[in-house]
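Residue numbering begins at 1 within each chain, and the chains themselves are lettered A, B, C and D in the order written.
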Amino acid sequence: MTSATVWVLAAASIFGIGLYALIVARHLLRQLVAVNVMGSAVFVLLVVAAGPIAGSLDGIPLALVLTGIVVAVSATGFALALIVRLAEATGSISLEHDGEPDDR
Amino acid sequence: MNLAVDLSIAAGLVVLAWRSLAGRDLFRGIVMYIVFGLLLAVTWARLGSPDLAMAEAAIGAGVTGALLMVAYWRLRRISPAEPADPSPRRSHLAAAVALLSTGVVAAIGLAAVGAIGPGGIAGRALVEALPATGLGNPITGVLVVFRNLDTVLEVAVLLAAYLAVRAVLGDRGETLAQPPPQVARLVGALVGVVAPLSVLVAVYLLRVGSYLPGGAFQAGAVLAACGVLLLLTGRLRATADAGPWVRGSLVVGTVVFGLFGVAMLAFGEPLLAIPGTWAVYLIETAMMVSIAVTLMLLFAGAAGLGGGRR
Amino acid sequence: MSLLLPALLLFLLANLFAGLWRVHRGPTAADRMLSALLIGSTSVAAVLVLAEWQQLPALRVASLLVVMLAAVISIAYAAIAQASAGSPGAPDAEAAER
Amino acid sequence: MTAVELLATGMLVVGAAFYLAGTIGLLRFPDALSRLHALTKADNVGLLLVCAGLGLLSGNLREAALLLLIWLLALLAATISAHLIARRALADGVEVEMRERVPR
């Protein structure tokens, strides 16, 4: 088992955990954290899967992930604005009512 | 020893991801997610990328954590009747879907690790082409020279996020939560040290970013985290309208980068050609300002920023 | 020397993971926050050890950022805790925990 | 092993021991305030010793100065964070738990 294998398996598990929570969680804040966790897993996978070149990491996935981190936090800010607005408008912190899924 | 270090950090990340998302207490989940961000910074350090460790330290552990905490508080205030921790919904498919996606991601990752070997083709081309640009940091090379159209658009995405938040929340200058007045002087002492130091570190990162780890995104992240500190302690105030300085700062990154790229056409160069390292510094400074101000406004959930109490 | 630094790193990581137990157990929100404080301090030390072990001096700047901005979270917590005092805030979630 | 390396090793080991003490305090002490008391002292001394040991190993005055700056900042940030958290713990009525001395 090499280091790269360890990181790939960890990233895959984190992605799976995030997806599971995204499906089962009701609270929108928790679903947002789940999306962020999945994003972090993808970042780790991108960097590890590219592998090192001549002792240092491949610069292209690093640049993608660097901008990805900043774009992810801005998307989180936008999502939180939507969640706060939804709570103000409906008083609900979930996309369901009384535990019944919406007919959408 | 190397493998043991990798195994323990990776296992810690998995456990933290699980604990951030499981359990009934949402506040605990948020704290776990903040710790997840800290361990992710350690992960980037372990994988050998100081650039990502810096960005993660400022954003993953700093800005995102504060953003989630303030949102948690706002939601409790808006709808106190709603449970902070609704029970998860029952789904027969969730576990199967999650397992399947884990398998797919693992297969993709393992195939990529096994197939390409040491580094991607583009990565090797980058290593060869980098010396010609006069830059020493490959990430800055990719962001400003080789894939700069992507970078312009990414800064534009930040601007779009700001506009979207304004569209959703309307023009409001909501007062954020403030620490209790009894500790104002103590917190002031911290801000008095951290704020100037953040500016110093940001300028340092911008300066060395062309040849050492650092650059506009890291420097902007540091300034944004510092701005979050100023907003949380009342040194800066969220206002309902954006003044000329805020408007200018929001667009300066996209505008400078874009105008510069178009201007190069007039000199018979390709679109977005970079004539020298001085241009890299100019563009990176403009991007840093835009990134920092946009993230601060996204945190405040407001249109503009104004001076607060001392 | 080649063995000391990774061993120290593993030891620090073990401390960090032990601190997670207190984040998990609580029982109060303050307990969780102070465990996060300890974990922050431990991860600073871990990044510093990584900087020396992997000979990447720029990681020291990264750990400077962790130190500098760790207080943002505590201040955010103090701010929201103050604002939610007296209202159903963090404490009731803890009561459910016991 | 030179004398400097020996000294640095000693500092790193003692620093690690302080971290261990802080963690044990965090896990074993009965209430929030005494946990805070244990870890704010122990982990700052631990970080000082780790910084000093690593500064000696790096053998570079500039890096050692940066490590000193990191420690001083950590001291400032930890002091203020601990105070803010302790204040909140008191407001939550943790002192009552303190008298009961409930082992957890």
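The working rule: a contact is a pair of C-beta atoms (placed from the backbone, for glycine too) under 8 Å apart; a residue touches a chain by one contact, two chains touch by 3 or more.
Worth saying up front: this structure is predicted, and the values here are computed from it rather than measured.
Peer 1: More C-beta pairs touching across which pair, B-D or C-D?
Peer 2: Between the chain pairs B-D and C-D, C-D carries more contacts.
Peer 1: From the mean C-alpha coordinate of chain A to that of chain D, what's the distance rounded to whole Å?
Peer 2: That pair's centroid distance is 32 Å.
Peer 1: From the C-alpha centre of chain B to that of chain D, how far is it in Å?
Peer 2: So the centroids are 28 Å from each other.
Peer 1: Using mean CA coordinates as chain centres, what's the chain C-chain D distance in Å?
Peer 2: 11
Peer 1: Which whole number of Å gives the spacing of the CA centres of chain A and chain C?
Peer 2: 21
Peer 1: Where in chain D do residues touch two or more of the other chains?
Peer 2: Touching at least two other chains: 73, 77, 80, 84, 87.
Peer 1: Which chain C residues sit where two or more other chains touch them?
Peer 2: If we look for residues of chain C contacting two or more partner chains, we find 29, 33, 35, 51, 61, 63-64, 68, 70-71, 75, 77-78, 82.
Peer 1: Can you work out from the touch definition every pair of chains that touches here?
Peer 2: In this structure, the chains touch in these pairs: A-B, B-C, B-D, C-D.
Peer 1: Chain B touches which residues of chain A in the complex?
Peer 2: By the definition above, chain A touches chain B via 1-21, 23-27, 29-30, 32-34, 36-37, 40-41, 43-45, 47-54, 56-63, 65-67, 69-71, 73-78, 80-85, 87-88, 91-94, 96, 99, 101.
Peer 1: Looking at the complex, which residues from chain D come into contact with chain B?
Peer 2: Residue list for chain D touching chain B: 73, 76-77, 80, 83-84, 87.
Peer 1: Taking the complex as given, what residues does chain D use to touch chain C?
Peer 2: 1, 5, 9, 12-13, 15-16, 19-20, 22-23, 26-27, 32, 35-36, 39-40, 43-44, 46-47, 50-51, 54, 57-58, 63, 66-67, 69-70, 73-74, 77-78, 80-82, 84-89, 91-92, 94, 104
Peer 1: Chain C touches which residues of chain B in the complex?
Peer 2: 1-2, 4-5, 8-9, 12, 15-16, 19, 23-28, 31-32, 34-35, 38-39, 41-42, 44-46, 48, 50-51, 53-54, 57-58, 61-63, 65-66, 69-70, 72-73, 76-77, 80, 84-85, 176-180, 183, 187, 190, 194, 197-198, 201, 204-205, 212-214, 222, 225-226, 228-229, 232-233
Peer 1: Which chain C residues qualify as touching chain B in the complex?
Peer 2: So the residues of chain C in touch with chain B come to 3, 6-7, 9-10, 13-14, 16-17, 20, 23-24, 26, 29, 32-33, 35-36, 39-40, 43, 46-47, 50-51, 54, 56, 58-59, 61-66, 68-73, 75-80, 82-84, 87-90, 92-94, 96-97.
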